[in-house]
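You will see chain A twice below: alongside chain B first, and alongside chain C after that.
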Partner chain A sequence: MNNFSISVKPGNDIVVIMPKGYVNDLGAESLEHACEKYLAKGLKKIIINFSEMQFINSIGASVFTGIVQKTLEYGGRLYFTNMKKTHCDVFEMLGIIKHVNVFKDEREALNLLKDSK
Partner chain B sequence: MPLRILQEKDFFGRIEELQNLYLISLEADKDIAQSIFLSGPRGIGKTELLKQLFNNIFWGQDRIAPVYYSINSAMLSVQDFSRDYLTRYLCQRLAFEKKESSLTWLDGLSIEGLTSILEDKKAFWALEILDSYVKCRDPIDSLRIALSAPHLSTLATGQAAVVMIDEFQQLRNLHIGGRAEPMLISLFEKPLSSRKVLHFITGNQPEIQEIPLTGGLAKIDVKPLGLEDDTLMFSSILAAYGVNISLMPYALLNHLGGNPFYIKCVAKAAGSDKKAGEEDCWRAYIREINSGGICLYWTVLLKSFFPEMEMRRNVLEIINKIYHGLESFSQESILKMLSSRKEYTEAIARALYLSGLVNGEFGILRTPGDTVLIDFMDCLYAREVLRKSYKDIERDLLERASGAKGRDVSYEMTIPMVKEAELVAAQCLEQIGKNLHLDEELIGQLQMALIEACINAIDHSKGEDNKIYLSFSFSGDRLVVSIESSGREFISKETGEPFIGRALKEDSGRGWGIKLIKRFTDSVGFEKTERGTKVVLVKNLSRKPTIDNKDKKAYE
Partner chain C sequence: MKGKWDLKRLIFNMSALVDLGQEVTSSKVFREKMKAALYVVTGMFSVPKAALFVNNSNRRSLELLAYKGLREIDGTDIHIKSRHIKAFNKNKPYKINEIKNKSFYENNNSAFKKLQIKTFIPLFAKDEFVGAITLGQRLSRKSYRKSEKDVLKVVANQMAITLHNSTLFKKLSNKVAENKGLYENMRHIYHDTIQAFAAAIDAKDVYTKNHSYRVARYAVAIARELRWKERDIEGIYVAGLLHDIGKIIIDKGVINKGGKLNLMEIIEIKKHPQVSYDILSKIKFPWKDVVDFVRHHHERIDGKGYPDSLVETELSDGVKILALADAFDAMTTDRPYREKLSLSEALKEVKKCLGTQFDSKISNVFFRVLQKEIKGDNKEPQILLHLDKDFDITIITTLLEGITAELSV
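And now, the complex of A and B:
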């Protein structure tokens, strides 16, 4: 049984990625690959919606540093939405939060991003 | 009288049960109906469940007609009952057909009045049934016609019916001209075994179980509300009184046993005091069982089963012995205790059981599981027999309550060291948190720490038995989780903390595990045990997790 999956909603210049279930090392790596795939296609804005993420472990969280790094290398921006307080704390501890923009929910992020360049 | 049904917002915790009964009802037209006895203790919400079911069937679909009938103890002559049952059945059936709810609860309707309505609505099938009833002169045949109305109407219209009968046990008191005819209830055997009409019956469980024909029914137990619904109901009633509750009195709610009637009474009493501190709620409860709605309910019941004054006094003594005595109690014990006639003690023993004041359908009289009833009887005994003052009674019960508050809860489990076993532990912790009504965020933090501790155990301990032993202990103001595993120890003698392999620490981020554990707990202990190694996570529950300004900003 797989406790992790990803769903993706690609748009013209924004892609919304939703990790679902338990984000461990393998889960986070597949998330990293998904992000890289869209960055390579030229999409610069990546929204990660955490509403369906149930748990994350420390290895999974640390893979996010790689995601941040790759996004910056491609000149993209990373947006986190629908985060639980505890998960936000984890990313804050790992120094990831300062490199991303956090929104309350996906709709808020999309509304703000649709007009920005 | 119109049916008083709670609004959806005030009906708590029975969504699944209601849906189940609704789905069963929708099968009523498949000629496979098996009538159902809804069983459960007094006050558990059987009547309200039936009323909600009626409402849902009435408005939720067009195939199955719902009919609700509550047996009225003032209408137990065969003539009165037959007429009332038939007129109400036809009215409700017609109300459903025409979707005119005003027809559902027409009160005091004469046969002539009903005939006129049926003619007006061109309900010829109903007129035919009513006509045969009117022409019948024999009271027992009239009863037969009334009871067969659901079957006949189904045949005539092709529309099946679900008949709900509340207070079914009252039918044992059917009489003809004042002469009790207990066997008349057997006339219900045919309608209850019909495969075309589904019946739901409910009422006082011990009395209904004494009726032989109920042996052929399917039985569905109406369960107590879960703690989550208890708290929702309690806080919602208090909110209606403008009282917000900051600390839920879980020990009291647990004591009320998920009984909606008790919860409602206590919440209303606390609400009218405008006080909702834990002790205030206990005081409201004690007042309820001494002089409030709960007291009234059980007093009326006690008096109805034991109408003679002398008998009541004896009953108080007997119940006290049953509830608090060490030996098993039977009719023989009552005989010895009262030195009375056998018929008298037999009547007491039987009434004690049928009233629900004690358990004991096979003659061994035992304490019931209802702690509120026990408290009520104890208060009554203290007041009436021991002549204690209310102040003393209140003090005794508050002392007992403080015992209930201090109850600890602990769970133990063993999980295998397999891939993602940590998720099983985290999910269990979540459920424990829900059961104990702990703050979700605190539990979320402890889950993070637990996941890391389990991964450590799996990755580093290399336990020979490949198992992780978990224990979760809740002691009122803190939750302690211990994670123990066997095999090679993984704790540094110098630092008292687990080894983290250098490569692992630098390459994969595992080094963050211990930091996360420390961040999300109030204290962490690493112990060597006979089995191997134990990590003890402690989370204080008396305070809400704090959010510093930086974190707040992230959300805004």
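And now, the complex of A and C:
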């Protein structure tokens, strides 16, 4: 059973992606593919809202490593919001956090990104 | 503070090893399984680009099995010679600089660049070289610490064993398929030989051409209606084909004699089931009871048959089937001493001999098969196909309905 899905809110230059469920198998690749799709289209700012995301295991960590790498290659920026402590810990431990901007929630990220236009 | 992160890292690594164990033992198809295993490794060490290769010893190359984060690398193989393999330490992660001045790197320069390899791990299961993992630059751009290399070695070992088991399984599956093919060939040869024997037996009797073949077919039709297993059906088919093999010792003049046989000739003719048995009992058939069916195909329910004068309770269903099939074909074909009976006459004759020559249960099944074939309910008719088509369907249908109704009371 696939216990992972994503919902996407594309804007003009920002896309908000909300993963839902467990990022613990190859099904989570859809998140990486979605990010790459928008980066390739020229949207350089990607917000990932973690409010509905549960557990991340090593396969999930691999997916986020891939997202960071692709964002760097396309010259984009990543913004993580609504993270739980466990998510922060994993990303910090794996060195992913250094490559992203962390916000308390999606609204804060959107406000700041609008202001910074 | 450092201790806290070391502990978290340790827990993460341990849970990643559990993830790896779950992935490699999952029921996913092999490629998916190995791709997930590769993702576990890349997740553990934050490596965005990596690939997994399986060794093809025949082609002396590492063939791409799964990858992550790389573009347009399908079909990228790494060539490897046995002297390169011998030079590797088992499952050791090699920094690219450690192998850069070796001929292995030089021979695969473009592949290494395409795959953006920074670390190369040769995979060994016991002493067998089974594949390799290639890892690109880590997100942190840091080198692996000693403890991380140790973990990588453990992971490599696990993946090597999985690759090895899969290769063994593949070899075994190929061998099974090959043996199955050989068995089928042998089976065809066996059947063709038996058919040839049957044709040789029937050729001796000018009146009974294809008799053995028809008997075999009738017996199969009855056995199938009785829902016998396919293997047992094959057995009675073979018994049908070979039941008269003993006739090869009987003088042709006796077999084809037009008039009434004298006592000596009858004794001679009656030897054939025993001779058939003597010949066939030397063969170890893969089907049970073939020789028993053959020996007793002239036995009768009332014990007046030959060679052993067995009674109903001593006769197996297979014997009863073969006896009926043989007699029915004899009735419906011309013989040197009489013309064939019409279908209606033959059916009446079978009915008349129920409980004396033929078994009622088996005969009833035979009538039922014939009814089904006449109605067109059997897609592949086995009996009707060999009978004269000049019978009146209404008469035969009514006759069969009457007999089966009577037998079911």
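Definition applied: the second predicted complex is superposed on the first by the 112 of 117 C-alpha atoms of A that agree within 3 Å, B and C clash if a C-alpha of one lies under 4 Å from a C-alpha of the other, contacts with A are read in each partner's own complex, and residues count from 1 in each chain.
Methods note: a contact is a pair of C-beta atoms (placed from the backbone, for glycine too) under 8 Å apart; a residue touches a chain by one contact, two chains touch by 3 or more.
Every value quoted in this text rests on a predicted model; they were computed, and no experiment measured them.
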item	value
Simultaneous placement of chain C and chain B on chain A, clash or fit	clash
Contacts of A:58 with chain B and chain C, given as first, second, both or neither	both
Which of chain B and chain C A:95 touches, first, second, both or neither	second
Which superposed partner A:3 touches (first chain B, second chain C, both, neither)	first
Partner chain(s) touched by A:69 [first = chain B, second = chain C, both, neither]	second
Touching partner for A:11 - first (chain B), second (chain C), both, neither	neither
A:86 touches, of chain B and chain C: first, second, both or neither?	first
A:25 touches, of chain B and chain C: first, second, both or neither?	both
Contacts of A:42 with chain B and chain C, given as first, second, both or neither	neither
Clash-bearing segment of chain C, relative to chain B, as chosen among 40-48, 202-210, 310-318 or 364-372	40-48
Overlap of chain C and chain B interfaces on chain A (superposed complexes)	24-25, 57-59, 61-63, 89-90, 93-94
Residues on chain A engaged by chain C in the complex (per definition of touch)	24-26, 57-63, 65-66, 68-70, 89-90, 93-96, 98-99
Contact footprint of chain B on chain A as seen in their complex	3, 22, 24-25, 55-59, 61-63, 83-86, 88-90, 92-94, 97, 102, 104
Chain A contact footprint on chain B (complex, rising order)	420, 422-423, 426, 441, 444-445, 447-448, 451-452, 455, 508-510, 512-513, 515-516, 519-520, 545, 547, 550-551, 554-556
Touch list for chain C against partner chain A, complex	5, 8-9, 12, 15-16, 19-20, 23, 32, 35-36, 39-40, 42-44, 46-49, 68-69, 138-140, 142
